[in-house]
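In what follows, chain A forms one complex with chain B and a second complex with chain C.
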Partner chain A sequence: MILAIAEQHGGQVSSVSWEAIAGAQHLSTAANGLKVRVVVIGSSVGDAAGQLAQAAVEEIVTVDHPALGTYAADGYVLALEAVIAKLAPSYVVLPHTYQTRDFAPALAARVDRPLITDVIAVKGADAGPVFTRLVFQGKMAADVVPEPGAPCFVTFQIGAYRADAAVRGASPAPVVPAIVPMDAAAIRQRPEAPFREAKQAVDLSQAERIVAVGRGLGKQEHLAIAEQLAGLLGAEIGASRPICDLGWLPLERQIGSSGQTVAPKLYIALGISGAIQHAVGIKGAKTIVAINKDADAPIFEVADYGVVGDLFEIVPALATELRK
Partner chain B sequence: MLEVWAFRVVFVACVAVFAVQMATRAWLVHAAKGSLSLAKLGARLRRVLLEVVFQSKVIRERPIVGLLHAFVFWGFVAFAGYSAVHFLRALGAVDFTATRWFHVYAVLVVPFAIAVLIAILCLVVRRVVLRPPALGQTVSVESVVIGLFIATLMITFLLDFRLTGGLATRINWWVHSLVILVFLSLIPGSKHLHLLLSPVTILLAAPALGTVPDLDFEKEEVGLEVVKDLERKQVLDAFTCVECGRCQDHCPAHATGKALNPKALILRNEDALLAGARDTRLAEVYEAGVLWQCTTCGACEYQCPVGIEHLPLIIGARRGLVSDGRAPQSLAAVYNNLERRGNIWGFTSDQREKFVAAAGFESFDRTRHEYLLWLGCAGSFDADFQKALRSLSQILRSRGVTFGILAKERCTGDPAKRTGNEYLFQELARQNVEDLKAAGVRRVLTACPHCVKTLGGDYRAFGFDGEVAHAALLVAGLAGNLRTDPGGTVTYHDPCYLSRYAGGTAEPRELLRRAGATLREAARHGRRAFCCGAGGGLLFEEHEAGKRISQERFEQLQATGASTIVTSCPFCTIMLKGAQASSGADTQVVDLMSYLGDRLKAGAEPAASALAPSGEM
Partner chain C sequence: MRIAVCIKQVPTREGQPRLNESRTWVREQDASFEMNEPDQYAVEAGLRLREQHGGEVVVCSAGPARVAQVIREALARGADRAIHVEDDRLAEADAAVVAEALALHMRGEQFDLVLTGLQSDDQGFAQTGVILAERLGMPHATIVIEVQFADGGLRVKRELEGGWYQWVGMPLPALLTIQSGINQVRYATLKGIMAAKKKEIRKVAAPATLAARQRIVSLYLPEKTKRTEMISGTPAETARELIRRLREDARVL
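Up next is the complex of A and B:
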């Protein structure tokens, strides 16, 4: 049996739980159709269990205890250790979240079983499933086979499986409460209520597409051209330092060493020379398109596509094409 | 006889007051840790001769005031024997005043007395009437009193020749003697302690600017955290400070409206030491945040006429903060990048490899290459600086100079060293030295002055003793094939780590002239240049308090009216280009090597043999 551990916050199942379920279902096919169960723990997890019951799994196991209300590693380890002892799963599957990173190593150590982290793929093989994970900062991939025995802990990298790939059942799965002894005094952490730090009004780090402008824009009123392109692409507007120094755009739109670090799929640099202080902020961009009239501009050294020319001709033409 | 006993009582009282104050300070010096180095004694003695005896630095940096000070100083020296004889007689010990040689001596010091009198009165007028900002916002009563004391001494000395005995002579004598004794009792508690201490501090100051000894982690050294961590020389520095404010006048942080004032750091150390605040945190002794506003440009140390070393203090205190996890946010990412990727910006090494392949650089082979070309972080990852390196390689190849590069480089650790992350610095240094030695490197060439300082200076302690040259200095020796038609007007910005630290001011200018440039100098240039604002980890802090240092420097350079600003440090280029972009000015900023590359004669392309890849890449 495969036990997937779902994550919930305030009764709301997080989407990564569905990724873990999808992973578990995939693992099931690679492991000769092992049954999948999902466990969700916390305080008043009825709602969460109801949501999870849509999944095509054998059953939803709940551990409901007031001491599990706010997340604490000790509480999770105690509860899950008891559940694992009771259900004896072959695999325990988790989403590779911050919370998992916090308690999973302790849990695996407690039961003295292997933990394979940040797995991106599972392959079926005669001897059992083979897990693929990235090593050397993502430069290489390694196939990992766990030692024989049960259970084996596996965490899936976020995005390795799509949440909507989790197979839903025709009828809701049964919800089975698990009664596990919980000693509140054994939980050594006393977490305060979670809070969110004041977020920057603009979070460019999550943007999928960014149109960034630099000094080559010439005048503040030309921002409209860039904004139009951004609108058509569904992109955020970013800028190099001089634009924010001049007050044409607020500081929170600055990209670079003293601004935000971004990792969009598409980064369009308009009139940006590409000084190193800016270039460090776009290291993570997948595709960089640069439009600049100076063929010697350093931005062309980092760009995947470079257009040497007048942005006032090129951008409107691009916009016209996008409208088609 | 009564007069002699009266004098003896006053004398003993004043000497006792002097001695008690001196003892307090001597104890504080003694209680401090750290050893006092006299390595390179010859250089140190030479400096004492020049800077103390001949007052060379005082005069060079502030000619008029310096000369006035020199007159007072030389006057004091001239009067030493005279006053000694005077006191020996007054105490009833021995009387030389009737001897012929004393009469000759007394007449010989007359011109000195006149010079001192004029000089000290000018200095008092400067302090009271002109009130330069360097001397502080309020007029120091003590300094004025002492100034008038000195004037009184000269007047009473001269008056003695005119008086013919009797009561007037006795009163004149007593005034003269009392002024000397009261002055003596005021010395330890005032800036005039520099009279006694400055020759010592000048002798003890490290021969090279910005010398910051490595920490010894085996001895659990972590840097300066509290007042009692101040080292012996730093305690001496606190007492020798003459409060002249030259450091303040030349500090780029102070000039751009930041709270940092090097003079205030030293004076606050003095106050904290005398107050016995031995366990007070240094960061609390100074104004908040000032320790992170220093670019380590070294202008303060370079200016200081009494041998105070500000950089070991500032970097030492930064080390204390870093060891406590209290480095500023802007540096956290830098440290992370250095630890994980070995460069300040966190790029992956494949980007360096891409450039190396495109530029056709060979791997260093000691049997075939004269120089190792050290790329540095900027050379490895900054597309703009890479152009400078391409030009440099073109020049080298055209002159038949062979060079190769290391397959793998880490940052030399300069930003880590200057920001007080000593552990990280030493780790980088050890690994780099290991690679340099394994490759058998004897001569290193780099276009980054910060790399010169670390590779050629700091790395000595880690066992690398190869020659390290900055490209501007090496190329000056072999440049040819440069166009000599007018190359436009150029202002050269001296990078601190090349000019002040390494003395490389003439060669870049010589190169520019040979390339047809018409030079226009900014007011602050050469060894007195104003920093670009990048050093000491401030490259990564673009939201600095007050005006940006880079903006201020860019405006100073722009004011020369030259069409191009040329410099020879990748950090200076980054800072000045940033300022140029933000201000939208037409003035171009370019690295010296890029400038020379554009001024190479057509047909000066590298000889085919020099360009051919070795096949061992």
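Up next is the complex of A and C:
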């Protein structure tokens, strides 16, 4: 059996949970048709379980406990360790979110089983499924196999499977509460309520055109050439994380998993290597242009048009051409 | 305050890695190595906490003899001493193996706080720190951007996704994985480099058996999801051709 761990926030199932279910269903076909169950944990998870019951899976398992209300790593590990002991799954799959990254390694270590993270594809093989993940900053793909035994924990990269690819059932899946012992005193973290910093003034998600800059810009004063190009194109300026970390552009201009997700018609990446954290934020872009001096930069994997060269030569030439 | 910072030496970010014959790892003799970038922020965070609260910073690393290079670098930046779990088998080991090799020798040190980077630039597991916390019996928090000490414990700010944040309290000792980019990493001074030569690096052995939980069976170039049209020529030619394609083919201008 494959156990997919859904993520919910305030009773709302996040769309990445559906990606994980789609991944679990795909893994099922690569693993001799193992059944899929979904577990959702938290406090008052009835609504979330109801949403998940649409999936074509064997059952929805719930763990409902006041101590699981606000996420804390120890609470999740305790609850899921008990669920895993009870259900004895062959695979446990999760979406590769920041929350998963916080507790899944501890959970896998607690039961001393493999955790294969950030998986982008699963291949069936005689000896069991093989998992593909990117290594060396996205420059290489690695086929990985776990040591034999159960369970094997797998996290799927965001976007590896589409949420709408999760097969829905003809009738709702049964919802089965799991009673697990929860010792609230064993939760060492004391989480406070999540919050947002000041409201974002720039909404890049609606921009039609974006010129984004990365580490390859070299110096803050070089922003001017990107801004000039953006001006000529009527584009917004965006950036990869390092640029915002350096304070060259405000955080609200950051594109990627920890910043904004964008879907412009035209996205021009200047000196951006295209690490996966950035690439997931531009998946919705229609046309991506990458200009980078490193021909091996992973940005060229996702670009429609690529230029290997010096952005300080190419960008002024583009400006000249646009002025014609 | 006794602070440990775990660092990893990884192949440099630039260029395409050359593979060994079995295509399961880089060719060690061709590769150049550097300190894993996310770990640099953890080292800096450790040094700043020591400067504010006193104590010592102990750098811990697991890997072959070559790892001494990044240990020296951290010592030159100001770390006080180091523990090097030295074993060639650790070069391409998985996160669980590395965490267990480190835990074996960190357990007796009575650290108050253990810091690691977010993930490594080579294998990118994003799990060594959290497994280490589990093996050391410490509470942990990941993707930390601010650290406060309060009531004999910690209060840390975690970054969540999509612009959300959260404060989390926990008792000491604890382990934190540090978000990249939260501080400006200092460079080693000449004085620091000289001082590092006299600092202690305790070399210790890895456990006799290293039980891999997962292994790479093959490495290859990622399959392209898109057909990328590469445009070349002089800057003027490239610009003209790119604009033409954006206008006529992609129709986005």
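FYI, the second predicted complex is superposed on the first by the 203 of 324 C-alpha atoms of A that agree within 3 Å, B and C clash if a C-alpha of one lies under 4 Å from a C-alpha of the other, contacts with A are read in each partner's own complex, and residues count from 1 in each chain.
The rule is short, and it goes like this: a residue touches a chain if its C-beta (ideal position, glycine included) is under 8 Å from a C-beta of that chain, and two chains touch if they have at least 3 such contacts.
The model shown is predicted, which means the values in this text are computed figures rather than measured ones.
> Between chain B (first) and chain C (second), which does A:Ile116 come into contact with in this model arrangement: first, second, both, or neither?
A:Ile116 sits against chain C, while chain B stays out of touch.
> Quick check on the superposed pair: does A:Glu301 touch chain B, chain C, both, or neither? Answer first, second, both or neither.
both
> Between chain C and chain B, which one touches more residues of chain A when both complexes sit on the common chain A?
C
> Just checking: does A:Asp245 make contact with chain B only, chain C only, both, or neither of them? Give me first, second, both or neither.
The answer is both, since A:Asp245 touches chain B and chain C.
> May I ask you to decide whether A:Ser257 touches chain B, chain C, both, or neither, giving the answer as first, second, both or neither?
It touches chain B and chain C both.
> Once the structures are superposed on A, label A:Gly274 by its partner contacts, choosing first (chain B), second (chain C), both or neither.
Once the two structures are laid over each other on A, A:Gly274 reaches chain B alone.
> Just to be sure I follow: which residues of chain A are touched by chain B in one complex and then by chain C in the other one?
On chain A, the overlap between the chain B and chain C contacts is residues 137, 241-242, 245-246, 257-258, 273, 296, 298, 301-302.
> Note which residues of chain A are touching chain C in the complex, please.
72-74, 97-99, 101-106, 108-110, 113-118, 130, 133-147, 188-197, 200, 209, 233, 241-242, 244-246, 257-259, 265-266, 273, 286-287, 289-290, 294, 296, 298, 300-310, 313-314, 316-318, 320-322
> Could you please specify the touching residues of chain C with respect to chain A in the complex?
Within the complex, chain C contacts chain A at residues 11, 13-17, 94-96, 99, 121-131, 133-135, 139-143, 158-161, 163-171, 180-182, 211-226, 228-232, 235-236, 238-240, 242-243, 245-246, 250, 252-253.
> Given the complex with chain A, which residues does chain B contribute to the contact?
330, 340, 345-347, 378, 381-387, 540-543, 574, 577-578, 581-582, 584
> Spell out the residues on chain A that touch chain B in their complex, using ranges where they run on.
The contact residues of chain A facing chain B are 137, 214-215, 240-242, 245-246, 256-258, 273-277, 279-280, 283, 296, 298-299, 301-302.
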